[in-house]
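Data first, discussion second: the structure below is written as structure tokens.
Every chain is named by a letter (A, B, C and D) in the order it is written, and numbering of its residues begins at 1.
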Amino acid sequence: MSLDLSWIIHWGLFNVVVLYGIGIFLPFAFYRNAHFQNLVAHGAAMAASIVGVVLGLAGLWAPEPVTFSVLSNLPLLTFQVRVDPLASFFVLIISLAGFAVSQFAMGYVREFENRRSIGALGGLYNAFLLSMTLVILADDGFFFLIVWEIMSLVSYFLVVTEHEKPETRYAGFFYLIMTHVGTAFIIVTYLVFYQQAGSFSFEAFRHPAAPLPEGFRTLAFAAALIGFGTKAGIVPLHVWLPYAHPAAPSHVSALMSGVMIKTAIYGLVRVYFDFLGGTFPWWWGFIVLAIGAVSALLGVMYALMEHDLKSLLAYHSVENIGIILMGIGAGMIFQSYGLSNLAALGLLAGLYHTINHAMFKGLLFLGAGSTLYATHTRNMEEYGGLIRKMPWTAFFFLVGAVSISALPPSNGFVSEWLTFQSLFLSFQIPDVLMKIMLPIGAAMLALTGVLALACFAKAFGISFLAMPRSAHAREAQEVPWAMRIGMAEMALFCVVLGLAPMGVVPMIDRVTAPLTGITIAEKIVSEGGFALVPAPDKGFASISTPVLGLLLIVLVPAALLTAVVIGGRLRKRFYKTWGCGINLKPRMEYTATGFTQPIKQVFDMIYRPTVKLETEMLEESRYFAKRMRFETHIEPVFQKYLYDPVVRVLSLLADRLRVVQAGSLHLYLTYIFLTLIILLLWVR
Amino acid sequence: MVIHPDIGSQLVNFCSALLLLTCFAIIAQRRLSACVDLFALQSVFLAVTAALVAFLTGAHHIYIAAALTVVIKAMILPRILKAVIERLNVTRELVLNINIPSSLLVCGALVILAFYITQPIISLGFLLTKDSLAIALAIVLIGFFTMIARKKAVTQVIGFLVIENGLFLGATAAAYGMPLIVELGVFFDVLVAGLIIGIYTHRLQDTFDSVDTTKLTALKE
Amino acid sequence: MNLALIGLIAAPLLSALLSLVMKSQGSMERLQCVHAAVLLGTMSVVVTGAGGGAELTVGNFLRTDALGAFLDLMLAFVGATGLLYALGYMGEELIRGHLSLRRYGRFFCFLNLYLFAMLLAANLDNIALMWIAIEGSTLSAALLINFERTKTALEAGWKYIILSFVGIALALFGTVLVYYASEHVLGVRWEALQWSELHRVASDLNPTALELAFVFIVIGYGTKAGIAPMHTWLPDAHAEAPTPVSAMLSALMLNLALYAILRLKSIVDPAVGTDFTGPILLGLGLLSIATAATFMLIQRDYKRLFAYSSIEHIGIVLVGFGAGGPVGVFGGLFHMINHSLAKSTAFYAAGRVLLRYGHKNMEGVTGLLRQMPLVGGAMLLSTLALAGLPPFGLFVSEILIATGAYVEQPWVAYTFLGLLAVAFAALVYQVFRMVLGEPKEAGIIMTPGGNRFAAVSLMANLMAMGYIGIHMPGFLSDLFIPMTRIFNSVSHG
Amino acid sequence: MIESVVITFVQAVVILAVSPFIVGLIRKVKARLQCRQGPGWLQPYYDLVKLFRKDVVASTHTSWIFTASPYIIFASTLAAVLLVPIFLSTVPLNFAGDVITVVYLLALGTFFLILAGLDAGSAFGGMGSSREAIVASLTEPAMILSIFAVGLTAGSTNLSTIVHKTALLQGIVTDPPPHLMALAALFIVTLAETGRVPVDNPATHLELTMIHEAMILEYSGRYLALVEWASAMKLLLFLTLISNIFAPWGIATEPEPVWMIFGVAVWLVKVSGLAVLIGVIESMFAKLRLFRVTDFLGLAFILSLLAIIFFYILRG
């Protein structure tokens, strides 16, 4: 058994690389026929991701990790990959999402034909998927850094696909700088390990020659949090995300938001639970939890104020990363108190949400991409009534919205519920402070959840319901089949993940077991595999999404039946909506801005909104307005108070230093002279 | 005939001291042509020193070096410089970056510095030319300082040549001369350098109507 | 093999003389193409010969060990592509009537002399003769920098001459001091100036003398290498010189000057111990990176931008050697070659842009990818390389250097990484503004001939960059192992 | 198995049957306090039947969301109800979900109600939806936390477990302060979630004040009936929660028919009492401005949080 599994894994590794390689290079061979390039590139990507799924599953169930390495003749560098459960799980995520997204892309990139080189686009797309896969599989710090940077670079180029727009260039630049700074911190993390291990191989990181001193462990913790956090988009390092993700072509946004930021989660888990052996003080976990909670809340709050559909989704990525980190943070806290089965639970919740978010966020971005494809605008205020123009897209978007709002029996509900439970189970922690802090985290999670619901009610309601608000929306048409199928696949993944937790939990348990040293699957999955019981020994709580699903499926017809029984056959007449006597115009509809107005007022201490109202009265009477102009903005707090000052100081400094290069030869001679004197004196 | 080493070293040191004095003179002098003459004089002293060393040590190739010094540094280069000065009709440095008294003070300090720095490795030196290394370093530094303190291209060239003299003194007096081929190469380079600088000063004059190098500040941030 | 070595050095001299008598552009192009071919051929023989720690010697004048061969590799390869590029560039100027055929010929004469001087310096076994050769390169460069005879070119040339002559003079004083120290061990003999001998007896030499000598040499040759704060001539010269010359200055002369410093380091360290040279190089290196990063932020002229980036990379190399240890040294050397390839590519591209638009102001340059795909792409790729992004070797070397520095002194590594991030931001910001977006100006369309030469040189450099990126070909590692041995008793791996 | 199905079914029927009565009761109380006779006890039932029989007028701007929402809302509310112990302390569907599930099932209803409000495209619907969004987002966290505060004593978030354990304690409240705070919080939540004064006024159609009514303004006929019925069930659900969690006296702890019938009786008494209380409150207080409501609900949130903190502090 083990033997042929390892064979499958080697086969998978080889084929994934080869197929993505084909996808990268072959399209350039057909530079004449853009359509053919499209097929080759994304076909190769789909094939590769199927192999990737196989690889991931095989890796999950392989009895022991499989490593494969190619020596390089550069010092300290080995191209080594390792397929262990953790890596396989993330490879699975990448490949599942990659499959559906590639399917979608086949239709979507038609929009770019004869505007862009489809070959370049497709090649970069494959390179992106490949680099992400390698980041996950890399088993050598140096190799990891190389593919990590390549991943960032490739994604940068995908972001600036439409680089004739200045805002796109800005977004790309901002992204590139942020991710590069983040990489610097990751380098520091690895250097800390290197000093004790004497090599960059992860194996050496796991078992260093001498144990790391406490200070250096903390340094590694902090550097990893900042480094990977930048990529993951935790507050306050999230600022680049709402710019970069929307700027990219939608199928790429789906991958960036759904998958790429997960590589950062992978990095964190790898460093904390694997390299640092899962032994750390409680406050590490608390910091992660706190950052997660803040990210979740602020993420959703800023999302509510967004009316650019893709930026809204990007902010929701910040929120969901926060939720994931809350799970992981809770797990870390439990781990530091030695409650390993709860630690496993927290980690499991986090990872479950990771795969869920990959799917529904991917789905939502694909939906946004479809609306963009159909209407050529990202502004929700110009949508409306799309549900009649593009029913399929609307339906799939609705599935995604329900899932991300964690409404039962969706997959988002399962993972958020598990997170809730792992937070509530804090009463087993000996320390009172933590006992209180975790429920507070749960409170913030609850608030986040409901705000997310409000946000997606807005997103779906304003975009797809009521009357078209612009010519764009009126002329919209349903998107090509390739795109619909792509969304359908994503939606299917969401539903399965929601209704079959008893299948998913044991899978993730295979990941957490080696990290926490305890397996909890058979304890959690009870009631003949129908219910999840996080803490069976406590009998704390349980859910069963299949039963809930069944219940709803039974009760909806029941309601129908009741109505028929009491009221008889349905007699229905249609008439246009009552508009206070005058007939209704789209301009009279509630806008997204109006919808979120109360929330903006309630949380104004966070939004710091600025409102500008200009009224122009009629000459005849100053009681009747001729024109009114209303403008409202929310303050970008983090840019204003965190990033702009840094930039300003740097440029000011640089400007001041111009005098150094003032052009005077005597000055230059003096530099040399003084350096000489100083060094001579130093020698003496 | 044989001269007692002490006396020999006395002589060498005396000559090198003269070299140093001429440096001070150059610093103190405003008139360009006078500066050039002083430089020529310094070169002569240098040649004498070299010849002395050659005579006292019997390292005969140094004679050639001495001869070259006289020919190139005491005759050819001063001629070129004089010609330049004639052509540009700049006779004197009116404005200085650093005025003369303070320049002299600085140079004094530099001499002390030079002795202070070389002090630990003097012991290596031969009895004959104990202090020459320090003096050579002093001359180099003073030449360097001249280039900073003066504005006109010509004076800067002179400063550069003074540095060269310091180097030569260091090479011959302190280390009994480099192998001949090296010396020749060095001289060749100095010559070419002088020529190129000459060309440049001409072009500067043609383009900017001035050799005041402080005016060259078009290129900056 | 020795013949090849001699050929390698003699070829530029010969073609310098010949190029004075060339009567037409075509014949000049043929001549220089042959010249380039000869360079590459002889170089490959020399490199393979010196691989694996062997040494080529001609009398006791020329001696090529791994380090020398490494320099030959860079000089010959970039020299060759540079010549081809220059054919395209100066040919364009010639066709536009900006310069006469005579001056066209003279340019190549100077250029070849420059190349000759550098190749000679890299292979001479004698510390003083090496000084002479480097001085020679300085002089020929002085003639090249204000070749275009504009006001600013003149100013740049003058500053270059004064500063680098002063520097070179200090270097000579340092050389004298080395001799001063060595003749007490080896006597007043020719051998007392020979690298090989100095290596042999290094540990017996007087430490203080060597320390003083090192200070003078670092400052002297450092001026030529553009190490802050002696770098001030560099941006002016690079901006004003004809672009092929800028490329060669950045890619070759800086490395040559570094080579001189490193040679001396390899002698000083055994005598004094690394904790003397280490701090000096680290300090100067970090200072250089900081200076360069700052001025790149506020840069408006793309040639100056690349010039400052050269200062930055020289600083990086210094940090590598200052950190020392097999890793640091390896990183430093690997950085040198990758930088010379990437930087020359960047300058080649910049030169094409300059020919097209006729100005060096970044504001006016946008949408290169659209307007000149090859040039824009080359500039993009070389910038990525210079910014230290994979799959280019500079990323690898920077990681190695950071590692070496961290093991030596963590805070150095932190500062290093921080400064690199700033430099990265500056460079990427400035260049991507030019490369991306929509073109603003039409510019002048260039002749196909020039374009052909440019394309060849660009592609050659890019391929080389890609080839030695994150996987090192065998012949290089054959050089690197003995080279690292020169600086550390232990070899890497 | 059969037994569980039967019990579940019975529970559904009971709730469906009783919920209109509670609405009527509150109306009656208010009428009486206003010295009116008020409509008869059975008026709500008549209303429902009449609405079911009436034709449906649907807007031409609406989509299938508008049609499907009433059924989904009805179903999700009913599903939520089935997870709540009414007359038997351990409901058969206990394993299927806990309080969080209940909240999120109600949220599912809210979600589709909001969408339905937006679907018709009238300004009223949008206004109601937007207000509902803010109200819901402030109440539901408070609800989860307040019940969790009580759940801590029982060591579970499953409603049945909570109720069962508390029932076995014969209603002796073990940690009074947290429980009182939680009770207060849950009561505020109830008022808000079920659209009662001072948060919302079920009796008004004045667009400045209404929330729930604005959302369902476009509904008519059986759709309206379903939505109204669902909201009635929701009201009853909350009252049940309050009564059974904080005072589970008389609830059957074993599925004995006799005890269960007794349980129903006791439960009826309790919820009716609460209904009367609500009626009184509605007649005593005026409706708050929307942006005062948030303060009111924030109070609930804080209270429930304090309840948890207190619990730990008291338990140490």
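The rule is short, and it goes like this: a residue touches a chain if its C-beta (ideal position, glycine included) is under 8 Å from a C-beta of that chain, and two chains touch if they have at least 3 such contacts.
Since we're looking at a predicted model, the values are computed, not measured.
Student: Give the fewest steps needed to get from chain C to chain D, where each step moves from one chain to a chain it touches.
Tutor: Steps on the shortest route: 2.
Student: With centres defined by CA atoms only, which chain is the most remote from chain A?
Tutor: B
Student: Which chains share more C-beta contacts than any other pair?
Tutor: So the pair of chains linked by the most contacts is A-D.
Student: Where the CA atoms of chain B average out and where those of chain D average out, how many Å apart are those spots?
Tutor: One centre to the other, that is 101 Å.
Student: Distance from the CA centroid of chain A to that of chain B, rounded to the nearest Å?
Tutor: 70
Student: Centroid of chain A to centroid of chain C, CA atoms only: how many Å?
Tutor: 44
Student: Compute the distance, rounded to whole Å, between the mean C-alpha positions of chain B and chain C.
Tutor: Distance between chain centres, rounded to whole Å: 32 Å.
Student: Do you know which chain A residues sit against two or more other chains?
Tutor: Residues 658, 660-661, 665, 669, 676, 680, 683.
Student: Identify all positions of chain D at which a residue touches two or more other chains, and write them in rising order.
Tutor: In chain D, nothing touches at least two other chains.
Student: Where in chain B do residues touch two or more other chains at once?
Tutor: Residues 117, 120, 144, 147, 213, 216, 218-219, 221 of chain B each touch two or more of the other chains.
Student: Judged by the touch rule stated earlier, which pairs of chains are there in contact?
Tutor: Taking the chains two at a time, the touching pairs are A-B, A-C, A-D, B-C.
Student: Report the residues of chain A in contact with chain B in the complex, numbered from low to high.
Tutor: For chain A paired with chain B, touching residues are 658, 660-666, 669-670, 673, 676-677, 680-681, 683-684.
Student: Which residues of chain B touch chain A in the complex?
Tutor: Against chain A, the touching part of chain B is residues 97, 113, 116-117, 120, 144-145, 147-148, 151, 213-214, 216-221.
Student: For chain C, which residues are in contact with chain A within the complex?
Tutor: Contact set of chain C toward chain A: 158-159, 162-163, 166-167, 170, 208, 211-212, 215-216, 218-219, 223, 229-230, 232-233, 235, 280, 291, 294-295, 297-298, 326-327, 330, 334, 367, 384, 389-391, 395-396, 399-400, 402-403, 406-407, 410, 413-414, 417-418, 420-422, 424-425, 428-429, 432-433, 436-438, 470-472, 474, 477, 492-493.
Student: Can you tell me which positions in chain B touch chain C when the two form their complex?
Tutor: That would be residues 59, 117-118, 120-121, 124-125, 133, 136-137, 140, 144, 147, 153, 156, 160, 163-164, 166-167, 170-171, 174-176, 178-179, 181-182, 185-186, 188-189, 192-193, 196-197, 200, 203-204, 207-208, 213, 216, 218-219, 221 of chain B.
Student: Could you list, by residue number, the parts of chain A that touch chain C in their complex?
Tutor: Listed in rising order, the residues of chain A that touch chain C are 72-77, 142, 145-147, 149-150, 153, 160, 163-164, 166, 169, 172-173, 176-177, 180-181, 184, 187-188, 191, 194-195, 650-651, 653-655, 657-658, 660-661, 665, 667-669, 671-672, 675-676, 679-680, 683.
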